[in-house]
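One chain, subunit A, appears in both complexes that follow, with subunit B as partner in the first and subunit C in the second.
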Partner chain A sequence: MLERLRAPWSDRRAERVLGALASLVLLVIALMIVFVAVKAWPTLRNNHLIGWLGFGGDVDAQISDQVNGVGRGGDQFAINAGPLIYATVLTTAVAVVVGLAFALFSAIFIVEFAPPRLRRVIVPVVRLLAAVPSVIYGLIGILVLAPFVNDHLLPDGRKRSVEYVVQLSGTSLLVATLVLTVMITPIMIAIITDALYSVPKSWTEGAVALGVNRWRATWTVSVRAARPAIIAAAVLATARALGEGIMLSMVSGGRGFSPNPLDGLSFLFEPLRPLAATIVENVESLNAPAIRSSVYAFALLLLLSSFALSVGGYIAKQPMKKYGIRV
Partner chain B sequence: MATEIRTPGTLPPLPPYVPPGGPRRPPRRRRTGESLSTWRYGDRVAFALCWACGLALCLIAAAIVVYLGVRGVQYLTFTLLTTHPEAGLDQAKTGGFLDPIVGTVLLTVIGIAIATPIAVGTAVWIVEYGRPSAFARAVESGIEIVAGTPDIVIAIFGLALFQQHLFAPLSLTADGGAVFGRSFMTAGAMMSLIALPMVFGTTREGLQAVPAHVREASYGLGKTRIATIRRVLLPSVRSNISTGMALGMGRICGDTAVVIVLLGATLRLESEGSIPGFNALKGTGSTLTSYVYNNSPAGEGNAPQKAYAAAFVLLLIVVALNLAVDVIARRGSQTGLQNGRLGA
Partner chain C sequence: MNPVRRLGVGAVAVAVLGTAVPATASAAPVITMSGSTSVAPLASLLAKGYLKDRRLKGKLKFKLAQGGSDVGVADVAAGRVSIGNSSRDPKDSDSGVVFNKIAKDAICLITNPANRLPNLTQNQIKSIFSGDVRNWEDVPGSTVSGPIDLTVRTAASGTQDAFQKIFLGPTKLSPIASAKSSNGLVQQTVKGNKNAIGYVSQDFTSGVNAPAYAGVSCNLANAKSGQYGGVRSFYMVTRGAARGGTKKFISWVQGSKVAQKIIATHWVPLR
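Now for the complex of A and B:
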């Protein structure tokens, strides 16, 4: 047996073995969809497929009913996950929009304006920020930022003004999006920097030769040429932000509440809990059939959106290949 | 008959080149940058914004590292590193985090050991064979999809998968016949999905950077394709593979969701079964990430000092892996990553 393995492989056999290894990835993806969908099916079936996406009632009460196996009107699968989805969309959208602007300017700084000595520092810094585990961001958020917000930005009057609706403590939309922005910005900077570097230098030189300044040349030539990569960066960062569960379960307040923009500034300090964080917090109670099915339904929603975003990012990057640029 | 062959080593050394008129000074660099005062007002604001963003990045990173460093040095003691965790209400009595450190190392090794062969094989297949091309494109975007899948989804997918009876040998089976699905092996298998895109990306990049004439020379010597891959291509992308492995190990070390869901995040390493060595792999445990999570105010332990100390150790591990990436990339830079590439 070993002798046969050690003998030189024929090309045909090698191609087949390596091709089988490669198709493993597709197999895993297919399995992932099937398993999660099958486990999520009871919730989907009992809520008319998409009925659980809407608002209605207190989602935390519904979840704890499901954990305890208590039926609500005879249907223990009933759930309205609207606030959780709203929280996911809200944190992700704010973090990606703020992070994209920040990342774009930082990437231009790294590529165009940073003095070489500073550039040698800033590139490892970006890589470090991208590599810091999410639980460390969460720890800093919950032990440093949240108490700071609670002590200095939340006067008692503000807490009292909404105390019949929701308790305000430091863990809030503000802290969650702030930490999330810091987490996803390095990913975007890495992609945008690569794209800006790979824009041919002669293009911007041509613009400079025509008399525009360095900023104009970068903004109108490099950034425009790198637009597909910028879109791809935003899309991939969105996928990352959607799926961030651990950090958000630590700093978002852990309450299925929909922050209301009409509350004025209090909006920023209201707690919420996105889908991924809900999954993390209910992992222990997966033995109850209703909550298990709901958790897998949340996972299915996240899975399908991240698939769509990954494919979108892949398509968005294609125009860069036209110039022979690999991103 | 004995003609003397002069190898390059026996040549007399050349005298150092001296240009006529003595050694010349390097030409003085003149600042050619334009003055900001000629810029339009809006452009100046944008320029200032760029600087502000770049400096803010450095400040944020410095703040995180310095803060954790101060807290870490303040709370980290040698006994914390060498004692087992204990259950207890008082922070002074809950022991150290030896088990989580062992768990982190064990899980990282399992994960990377599964991920590397698959990732390298896939990368080789895509670059060297890649037929039919539609299938190759599907595999390529499949890996991007895996890279974009949230870790919590991967984790609970793993739970659903490994609770099948087919995978019963990998984890504890309860008396009623229910498969627990949580062990180092199941967690490691799912962790490999998290590390796989990293190893794949760097390996593919390295293979694509190997010039075509290297392959042609090998074919010209009568080697088959697979022999070329084994003897020529893989050795030349070794540094890329190690870079990817280091990046992947960093991702595994830092992942919390898979640990909490699939490793059970038990306080100590619990062995299952009676086969020595295998029983630890079949058992549950925790890693530094789940230890930090459980000891933060969000978890059950609520021992912030321990959490800071463990987070500091975790950060040190991640920084060390990052430095390893730099060192490897610098050493293998003839085919490796170009300078300045951040490696998205």
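Now for the complex of A and C:
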């Protein structure tokens, strides 16, 4: 047995073993989706899909009833996850849009304009930031940012104006999206920087030879060529933001509220709680069948979203590949 | 060594390790525990004390995992552990398990240090946490002004369950309260917000102001003497009545003087 393993492998054997490992990954993913879907089925069936995705009642009260096993039969599953889904979409979308703009311009600066000595410092630091565990960002959010926002940006008058409807505080939409943006930007910078580096020098040199300046050559040639990588960066960052639970549970305000943009500036200070954070906060109560099913349903939605995101990113990249670099 | 051969040797090494580990672990009987994060520090001390007191070192082993009261109850009901630790009372949905009371723990109300609120009556607590009173100006004794920021625990928490039962009774908690997932987060939030009020296990009161409840201040001495009303129970939960080594351990925890002494360091012993 040992002798056989030690002997040099034939290509055929290596292909079979590695192929089996690769298909195992596919099998695990497929089984995972099926498992989560089966577990999520009771809550989805009892609320009908539209009701489950929609708004209605207080989602925190519904979760609390599920944890305590209030109601019998189909009633115990009652939940309208709308506010949680809205919170997930809102935080993710704002963080990715702001982060992407920031990352693109930072990457252009690093690749095209930064003096070499600065570049030697910035690139490793960005990679380091991309690897910082999210819970550390969460700690900074709860220990530094949230108290600062609460003490200096949020006057008592504003809190008082809505005190019977919602509690405004530092742990809010503003701090949640800010920390989330800071968390996902470095990884986008790292990917876009690599992509801009891999654009052949001759392409931009050609543009410069035709008389445009460096900024215009970068913007019209390098960035255009790197579009597939920019989309890949956005997809990766979105997936990370969607799945972020611990950090958002710490800084988002712990309340299944739907911040309303019509509230003016108060909008920024309203609490919310995305899906992943809700999962984190309810793992303790998986004993109760209703909340267990709901938590699996949240997980299923996140799983399908990231799946759709990958496929969407792949499709969006196709037409750009013609003149783009390979990523 | 070429890469493919290295892969083969690696696979063999993993296989050898995999068979070796279970072989060494099965030497002594093991009592496994999981559950409440509030009970875990106590359970760990009790396990150590038991081994020392009964001279069982090497003859018995303890394994302690955490995860929350409901995890402990679910684990023990499914037979995954010998003991589930719980800081909440039994619920209707718990079937086939026995709750063995082992100790008590005080729940303190906490406010920001800037708010040197001396005392809260039960009615005041009810009106604050139900959302009827929303401003610190309306709470006598408060040294801050502005809206009250309610900080509570998530529905899954044993502390939340106990607070509802002991302090609020039938009164419903205000839906606008901000829910945190651990004692530490509540403590930190209250520390960082001058308008906040929350409640935590008595272990988590450093750096914040703990007002008295119904005239009795929240500390270990008052909880032990029975004067302080905000006290809940800690349980070790077993599947059916405890048997064998688990039974011996739990009756040691409930009965022996050594165990009572260990509990009395930070918690309230039963006798």
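Simple rule for what comes next: the second predicted complex is superposed on the first by the 295 of 327 C-alpha atoms of A that agree within 3 Å, B and C clash if a C-alpha of one lies under 4 Å from a C-alpha of the other, contacts with A are read in each partner's own complex, and residues count from 1 in each chain.
One rule holds for everything that comes next: a contact is a pair of C-beta atoms (placed from the backbone, for glycine too) under 8 Å apart; a residue touches a chain by one contact, two chains touch by 3 or more.
Not measured: the values here are computed from a predicted model.
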Overlay on subunit A: subunit C relative to subunit B, clash or fit: clash
First (subunit B), second (subunit C), both or neither touched by A:V283: both
Which of subunit B and subunit C A:K159 touches, first, second, both or neither: second
Partner chain(s) touched by A:R214 [first = subunit B, second = subunit C, both, neither]: first
Contacts of A:L100 with subunit B and subunit C, given as first, second, both or neither: neither
Dominant toucher of subunit A (residue count), subunit B or subunit C: B
Touching partner for A:I63 - first (subunit B), second (subunit C), both, neither: second
Partner chain in contact with A:A299 - subunit B first, subunit C second, else both or neither: first
Partner chain in contact with A:Q167 - subunit B first, subunit C second, else both or neither: second
Subunit B versus subunit C as contact partner of A:N150, first or second or both or neither: second
Subunit B versus subunit C as contact partner of A:R255, first or second or both or neither: second
Shared contact residues on subunit A - subunit B and subunit C: 8-9, 14, 142-143, 249-250, 254, 280, 283, 286
Subunit B to subunit A touching residues, read off their complex: 34, 38-40, 43, 46-47, 49-54, 56-58, 60-61, 64-65, 67-68, 117-118, 121-122, 124-126, 129, 135-136, 138-139, 141-154, 156-157, 159-161, 193, 196, 205, 208, 224-227, 229, 250, 253-257, 260-261, 289, 292-293, 296-298, 304, 307-308, 311, 314-315, 318-319, 321-322, 325-326, 340-344
Subunit A partner contacts - residues on subunit C that touch it in the complex: 2, 4-5, 8-9, 11-12, 67-71, 73-74, 77, 91-94, 131, 134-135, 145-147, 149-150, 154-157, 175-181, 185, 188-189, 192-196
Contact set on subunit A toward subunit C in their complex: 2, 5-9, 14, 58, 60-61, 63-64, 67-69, 142-143, 146-147, 150-151, 156, 159-160, 163-167, 169-171, 249-250, 253-255, 271, 280-288, 291
Residue ranges of subunit A in contact with subunit B within the complex: 8-11, 14-15, 17-19, 21-26, 28-29, 31-32, 35-36, 38-39, 102, 105-106, 108-110, 112-114, 118-119, 121-129, 131-136, 138-140, 142-144, 182, 185, 187, 189-191, 193-194, 197, 213-216, 219, 236, 239-240, 242-246, 249-250, 254, 276, 279-280, 283, 286, 295-296, 299, 302-303, 306-307, 309-311, 313-314, 326-327
